[in-house]
């Protein structure tokens, strides 16, 4: 999830030049359209971008979703017809954007990050999600097919909840809400990982590596980078200064804002926990080194004196009287055992044993 | 106290869908009602939620307390009758809320965390406490039976203090005050733990483990996460912008605000103390390793040279003149004792002994 | 100076209940009164609290000082007569207060911490000091007899400075000023301790323990906790929004504010210095361990090879030709000396010697 | 990129004295002029500074670029004719400036840092870039020839994009935009370095040194120092309070502001990553030390007891019965092998093997 | 530069009492006066303070400079005549002041720190510099003779720059500017020290001690403590709210403000660099310890097994068949060489050699 987007290919181009920055993830651009009002729903796959144009001024709510950003002409054409500023189109195709919101009088533009947990690859994936909110339409742009919005589509199809009765701003809210809900799924995965690591640290400290803590930390850094500006985006929506946002939707954005703050809180808590785990880990290394040192010291301190004694009576002096004494050998053993007991007693007193 | 609430089961539901998130702690939902004015008190256990409805518009103050959040229909019914927004009901049953306050014109909604120390299990327990303050009623929601409000109930029953003479806002204040008072009990427990750990660190450093410091630290992280937003809640109440708050109660909320700040101050002080203890702990590990190393070095440095000397005269050379000398053996002992004394002297000078 | 005040005995009492929290430090409550105007001074010890009441409405300035907080009835009576809100009386007797100021129209209430250095016990003592400033009176509450205000009393008695010509607000200023001046005395003591520790760290690092750094750090934490809110108190007074503060006293409060900032600055500098000393200390531990390791390594690396050589010629093989050679023994010595010189040279090159 | 600019040669001069501070990088001052409107472009190299003067009041847009700051007279003359305040001229030639913007009514003055990656020397180079924006002219000052503005020149020459249709403020924007784009190139280089270091840390930890992490960190410190104030500069332009900035250019400056924030975000992320890598590095040192200690301890603990046993039977006692036993020698081997196996088993249990 | 000023001798005095706090640095108080307008300059040494008084109301600009603060009566007399508030006089003679500015209607009062590098003693010296700015006069107070203002005096004498044409506020600016310029000289010295230390750390890590890093760090702490509030002082001047500051001088104060920010930026960068160096230093200690451990381990692990083998064949068993074998001795050598080669190979594989 952490790739730094290479922008160098864009250096030198005039502002507003559309160049797709980021990996090309979708094979083919895919445009799908849902048009609905309280009574009817029309859903269709668009082949040629012009098919969308009639929906622009219809009173019903229209959601145009584009998967794949590499097909510059389509986006340009769409943007031109819907009156989107070229700099925004540039932001849409340039996937290294920071989450932000911009208020043009006739439409609102937002960029946020969409995270999803890929169960197959066991990792977090991130995608840039841009959204243009007009009076009666929402246009959304994703990097590739597959998203977290199927429940929203279901609710539109089945007229579940109040989505069919409300305006385009509520649709935008629903999409952002689905997106932030997915953040909680990601946070749960991370919470599980952290708990596993903590258990591992306590039970059997050698099996985990600092690498795992570091990786989690890095994920938190990137998540944080995406969520903090998201907060500003939602806060802006909550204040509802744009004429495109009806007063009745405002409470929903406030709710969304609360969720975003909860995400941020959790991220900060996880950061604190991870840094506590780092301390645990580092001190566990030191403790283990202590352990090793003690074993060495105990062995060496007991046997080095004994070996010295054995060495003394291994000397070949002609005049070494003890060698002749009959009881010297067992006496030496007694002395050596006494030394050993004394040493063990000393180490016990020092709580090394 | 630290479980991360799993929200994933809620992903995809339309906003305002009531799903109880969190462990189901109470077997049966329990509704109790206290209705009082300056002269009378009525206390009863409610079987069917409809029994509460008549109290809504009575001029006397009514406190409805619900223990247990898993019984969605009851909460929905109650919410509908008292005109509570569905999004708030969702917040009530979703126990992972961040403390917050929301001001609807006809009622105030608050969510805070209620902590209590379970003497039996020797640990801190946390519960979500939601409160709806209307003109003449307070509705409170708890996750399970048993709370910190018995003294408040007593005061209502016995008309102790001014509670019976004042409005619903004073009741809300009394509940929050009882709740924050309990925070001080928790802080005392933590203060005791910290003092015990500090004493242990100083007297006998090996008996405590970093694990204990880490656990305390983690508790501080969660406590802090709950108390910082509580501060905003109380601050909001203190400013008294809602028409539901009478001017005379404002000074009580100011007092409550001071208490909250005291809690925060203490938490910050504890955090500083704990991080200081971590330094103490880590340096004590290093010091002990130093100690071990010195013992090893002293033993090795004294006996290795002596063993070498013994080894020399253990060689079997035919022409090794010293072996023939009559006084060589005692001379060797003298040399070895001199070396030992010299080494001990050297280590003493280095302050290792 | 650091005891955490146990509030648990108060849990459950209605707000405004007077219970003395903190150690009972004074045996007997002591009330002393000074009443003065430009021409006269009256000083007397009060036996019964009612004796103070006539002074309330006299145009002369009256300073009533109460030492000892455990005698609840006296404080209650006094508070009632002077019209003090019960919640404030509660704050006065509850010694765990955070420094704060509260502006009631007819009087100002302040709580601050009074520090003093006990030369006898060689430690910092802290006491809660509460002050009620009315139009013509100041009532102050202390935990025990003995304070830092004797110079103020002298100035009143001798009409030194402008104190006798000015109002109750100047008296309040004089008391706070005397109190903050004492902070500088405490800071000097701490500065001396820090300098001593620094010298000890540089000259003879083993004599000080991390414990001492830790204790100083802890004192800074508590001092800081008391001084930061004091700053807000004085700042509030400096802004002089209350009608009780005359414009001419404002410049004195500004001066006091500067002093408070100086105290805070010094505390922050001391914190930085202490954390620098911690680094010094920890690295000195590592350096000493390095030292120990080097001694061990030098001894072991020189003598282990020599002992091996001696061991070789201590073998009892029948066919070990060198044993027969006449010059082998001195040759072995030459070899061993060469090895030793070579090793010493090697360690010197590595800068271990 | 990190030289601290020596200002001491300037000490004592009156304010507004022009002295070039910084290395003299260009041999000869070089002045180039581009004058354009929607239809025509005039490009010329200026020999004498007076040649620029006629362009000042022409309605077409004029860009005067000066490479080299050491030729004080030229800059003074230019500044005088274009009415630039002497203090600004001082800022232009003093290359240690902090990025800033100043709004004089008739012109805007900006100083920023221009970074470029020198592929040849493999390092980041920084240069001070000053810009004066008037109604119809832009004057820019660089320390040496060679810059990142060639694409802008191309666009002017070829009327690509909207540059030829817009005013001097758009030209200023284009220059800043080109400059900030280059920051992304620098960030990419740093991102690559960080990734390389991270891989090196994981695979083969001994090949990288802390020195490399430290160097990257230092580069981040300097980059950060330049970019944070740049943010204020661009923010100031975005707010567009000056009459020199047309409303239509404002959206471009907003876009530029977003880019600056992205740069800052990346720098902060890199800082976090680098501090994480430091932890990784330090713990990898400790781990390796642990490894070394274990090898030593295993060898010593196995062979020291065995050597002791051999020493015992190397003693020369006359009455040492075991020496006579026929099966003692193989028995001793058996004992020694058992001890070895036991020790290996013990170390395996401790997970050291 | 770091002495903590002892204030305890002042405790208990009424506010506004003049007591000189700080070392007495000047033997004799020295008063020098410069009076100038566009055409004339008068410079004289004042013996009796009354000589200054006639200059107070002259339209020409008068700069009175006092070196030495211990002569209380002179300062009191001067202050009284020029109408300076006693509390300010107290601040002037009390050298532990925090930099600040105070705006009395008829004059501005500033206290800042003046740093200078004493080449002789090779250390930074700091002095308190107070300045009173009136309509036509500047009075400055220094602790001792010798300052950084000689260039300013020269400019006044020679009418260099615009100083003679402008008012007292420009004189005040010139003095502050000279003072801040000197900060850059100090920063250069520190930058040199930091670079030297960094080089030392890289080339030959054992020659520098943590003590040097710590000393630099401490100097940064004190410098920072002085410069941060200076920033507020200059910012206050830049806003130019006082009637004493003419609009034309404002741009100079803005320039001065920029310089102050540059000083602060540099200090922050130096702090970051120093903390990076601390990491470098600590890890270099660990690396060296690793190095020592490896040498020990290599020696011990090679020779301990060999010594064991020699020990085996040094045993005196009667039935030790190998001793009789003719080729055993050379065979043993071969075995020992093989073991050695194997061990060396193993250590090489572990990259210890």
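By written order: A, B, C, D and E. Residues from 1 in each chain.
What we mean here is this: contacts are C-beta pairs under 8 Å (C-beta built on N, C-alpha and C of every residue); 3 or more make two chains touch, one makes a residue touch a chain.
All values reported here derive from a predicted model rather than from experimental measurement.
Identification of common neighbours of subunit A and subunit D yields an empty set.
Residue numbering shows that subunit B and subunit C use the same positions for less than half of their mutual interface.
Averaged C-alpha coordinates put the centre of subunit A at 42 Å from the centre of subunit E. Subunit A and subunit B have centres, each the mean of its CA atoms, that are 26 Å apart.
In subunit A, the residues touching two or more other chains are 282, 286, 289, 293, 296, 300, 304, 307, 311, 314-316, 320.
Following neighbour contacts from subunit A out to subunit B and onward until the ring closes gives A, B, C, E, D. Taken together, the subunit E residues at the contact with subunit C in this complex read 4, 6-8, 10-17, 85, 87, 90-91, 96-98, 100, 102, 206, 210-211, 214, 217-218, 221-222, 225, 278, 281-282, 285-286, 288-289, 291-293, 295-296, 299-300, 303-304, 306-307, 310-311, 313-316, 320, 322-329, 332.
Interface of subunit B with subunit C (complex): residues 148, 150-151, 154-155, 160-163, 174, 177-178, 181-182, 184-185, 187-188, 191, 202, 251-252, 254-255, 258, 261-262, 265-266, 268-269, 272-273, 276, 279-280, 282-284, 286-287, 289-290, 293-294, 296-297, 300-301, 304-305, 307-308, 311-312, 314-321, 350-352.
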